[in-house]
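Chain IDs A, B, C, D, E and F follow the sequence of writing; residue 1 opens each chain.
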Amino acid sequence: MDKDRYIRGMEKLKEIDGAAGERVIQSLKDIAPDLARYVIEFPFGDVYSRPGLDLKSRELATVAALTALGNAAPQLKVHIHGSLNVGCSREEIVEIIIQMAVYAGFPAALNGMFAAREVFRERDEKGLI
Amino acid sequence: MDKDRYIRGMEKLKEIDGAAGERVIQSLKDIAPDLARYVIEFPFGDVYSRPGLDLKSRELATVAALTALGNAAPQLKVHIHGSLNVGCSREEIVEIIIQMAVYAGFPAALNGMFAAREVFRERDEKGLI
Amino acid sequence: MDKDRYIRGMEKLKEIDGAAGERVIQSLKDIAPDLARYVIEFPFGDVYSRPGLDLKSRELATVAALTALGNAAPQLKVHIHGSLNVGCSREEIVEIIIQMAVYAGFPAALNGMFAAREVFRERDEKGLI
Amino acid sequence: MDKDRYIRGMEKLKEIDGAAGERVIQSLKDIAPDLARYVIEFPFGDVYSRPGLDLKSRELATVAALTALGNAAPQLKVHIHGSLNVGCSREEIVEIIIQMAVYAGFPAALNGMFAAREVFRERDEKGLI
Amino acid sequence: MDKDRYIRGMEKLKEIDGAAGERVIQSLKDIAPDLARYVIEFPFGDVYSRPGLDLKSRELATVAALTALGNAAPQLKVHIHGSLNVGCSREEIVEIIIQMAVYAGFPAALNGMFAAREVFRERDEKGLI
Amino acid sequence: MDKDRYIRGMEKLKEIDGAAGERVIQSLKDIAPDLARYVIEFPFGDVYSRPGLDLKSRELATVAALTALGNAAPQLKVHIHGSLNVGCSREEIVEIIIQMAVYAGFPAALNGMFAAREVFRERDEKGLI
């Protein structure tokens, strides 16, 4: 069963975050392999694999939350990539970040937008949507 | 023009938050009527009125952000109502709150869920979806 | 010397927070008297006693910070009282709270304003400015 | 395997939080039983069951973190109870909360201490340590 | 009317933030021009243009809030510049940042002070007050 | 007496943070020497010098709180060093950071772990435990 969670989580992680997700997992291997395993099992194996809400809505909500919290820039960038990977448009991401000015203030929205700009440029260079 | 923002904002506020939104506006009238006006003009007249993202996605993102921030219980409840008012299902709200355990920890998700339970009960009593 | 800090702190605490400050100190006496002493010595004996910035500016800044943090309602109320005690006007307090919508979002500003409304009512009942 | 996590988690939850933990789980049963299951499986079945750090240190660290975050009063109270249940002294809890004045400011420490005072009173009434 | 807000906001932005403010606006032009417009219209056209509180007090309060939140270093630096631009002294800025140790802890105050040191050095190089 | 606090604080600072602590103090000397003095007197002279809780538990709790807050990376690194300096093992630090995934979410735990990895590497290069 646990193995199922792990396998399901790995597939979901690849679907959403692609190589960036695997790099995070890899970077934890020498210091905290169990945290790497938990990242795969709980967020991806348990939560993102749940029915009841589509992946696009889940990713937009994560971009919203990380923009609002304002203290997790690397993960915000990973999930802006993730949103685009699962079919959100750049416009939708820009919209959700603008909206966070209302709930977490303009600095949070500005810093979220600068993260989005970096991600869009990285994808432009690679010819990704 | 400003008048347009105000009118557009009032309509959007009613569409999303119904009577609860108007109560918030009313409650500011004696102490800070300009803050009441700004609430109508900027979040509702400017942001929620933007094309580029549907209202359901906007409301789910707001529920996500307020659950993650964990310090704005009254506004979280207003927007759980708002999500349901614009067509989100209770299941989608439950899903988005569960997901916040990943990004803001279990206490944030638990307190978000307790807010949802209160809202669902209020709506059950009034026969609302 | 330490005694000087304590005495200077008690005087500053009374000047700013009046009876409300003393109640906080009193309420800590049985569980953590040293925390009560630190509150007197460091914030009031050291910081608020410093020259270089007037008390009104200090209190407005504290109201701003606590409104923005949004997770310390009791202390926010104490310092809205404090601001008025040292000569700020209600209008200035309302202004600083509105301004926090820009830096911490509308929920933070709204909850700050509701705290101010409670404080203003308490003072109206007592005939205080 | 998953069943093992659940069973191990339930035992750990009872060991740490006693009846309070079970009440939280019970309160989620009608609205989000899966969140209740995750609470048992991940925090308690996975994390608190790990070797490498004793339960007392884990509970003190949780009290520290929740005091510092300052936006999860119900969970802070549950874990002050939990700390005492696994062998921490009241003095140790008071010390860790005082220490948070350094890292999260005096309002966070004060609100943490008021939570501790409530917990200590509840336990006094029940004749608990 | 909207045009008035925009023009009033641009003037206020220049008065407070000078070239730094315009750079922020410019940097948003390709990704989110509407967010740039909102920054001009709401914070500067609406809020900072309000009577009832002088610009120096407004800027000090913003430095206080951003130091306390601790997650918006670029905006904190812009507003330390802004405070000096509208007539605050370096001493007043140092004082307000020290004070945040009380409300948000020593790490927040230290990181705020390191931001101030950078700003002061930038201004020293340009011969600014 | 104040002199006692300062001397006691300097000794405690050296015991916990070694050269890193002194560098922080030194870096404040030109801009805010009083903040440097307060850092020595209150956190180290008053709080860390208290009996009632051992230094190892205090340092683990600080690592927990700073990981959870997620907005004070430099201080988190200083206190991961500090934890190791006073006798905590790397395993204990890894455990406490993993645990924060439960209370502040996975991004906070991941960023805390990346800070720990940097600290461990710095110490490997210097042949420190």
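Just so it is clear, a contact is a pair of C-beta atoms (placed from the backbone, for glycine too) under 8 Å apart; a residue touches a chain by one contact, two chains touch by 3 or more.
This structure is a prediction, so every number in the text was calculated from the model and none was measured.
**Q** Using the touch definition from the top, what's the fewest steps needed to get from subunit A to subunit C?
**A** Shortest path length, in steps: 1.
**Q** According to the touch definition, list the chains common to the neighbour sets of subunit B and subunit E.
**A** A, C, D, F
**Q** Sort the other chains by how far their Cα centres are from that of subunit A and give me the top one.
**A** Between subunit A and every other chain, the largest centroid distance is to C.
**Q** If we define chain centres by averaging CA atoms, which chain lands farthest from subunit F? Would you check?
**A** B
**Q** Go ahead and note the Å separation of the Cα centroids belonging to subunit B and subunit D.
**A** 30
**Q** Centroid of subunit D to centroid of subunit E, CA atoms only: how many Å?
**A** Centre-to-centre distance between subunit D and subunit E: 40 Å.
**Q** Could you please state the distance in Å, as a whole number, between where the Cα atoms of subunit C are centred and where those of subunit F are centred?
**A** Computed value for the inter-centroid distance: 29 Å.
**Q** Quick check: what residues of subunit E touch more than one other chain, meaning two or more?
**A** 34, 38, 42-43, 50, 66, 68-72, 75, 94, 98, 100-104, 106-108
**Q** Name the shape of the chain contact graph, picking from line, ring, star, complete and other.
**A** Here the contact pattern is complete, since every chain touches every other one.
**Q** State the interface residues of subunit A toward subunit B in the complex, per the touch definition above.
**A** So the residues of subunit A touching subunit B come out as 42-43, 47-48, 50, 52-53, 57-58, 60-69, 72, 75, 91-92, 94-96, 98-104.
**Q** Where on subunit F is subunit B touching in the complex?
**A** 68, 100-108
**Q** Write out the stretch or stretches of subunit F touching subunit E in their complex.
**A** 24, 27-28, 30-32, 34-35, 38-39, 42-43, 66, 69-72, 74-75
**Q** Show me the residue ranges of subunit F that touch subunit A in the complex, using the header's touch definition.
**A** 69-71, 94, 97-98, 101, 106-111, 113-114, 116-117, 120
**Q** So in the complex, the part of subunit A that touches subunit D is made up of which residues?
**A** Contact set of subunit A toward subunit D: 1-3, 5, 34, 38, 42, 46, 50.
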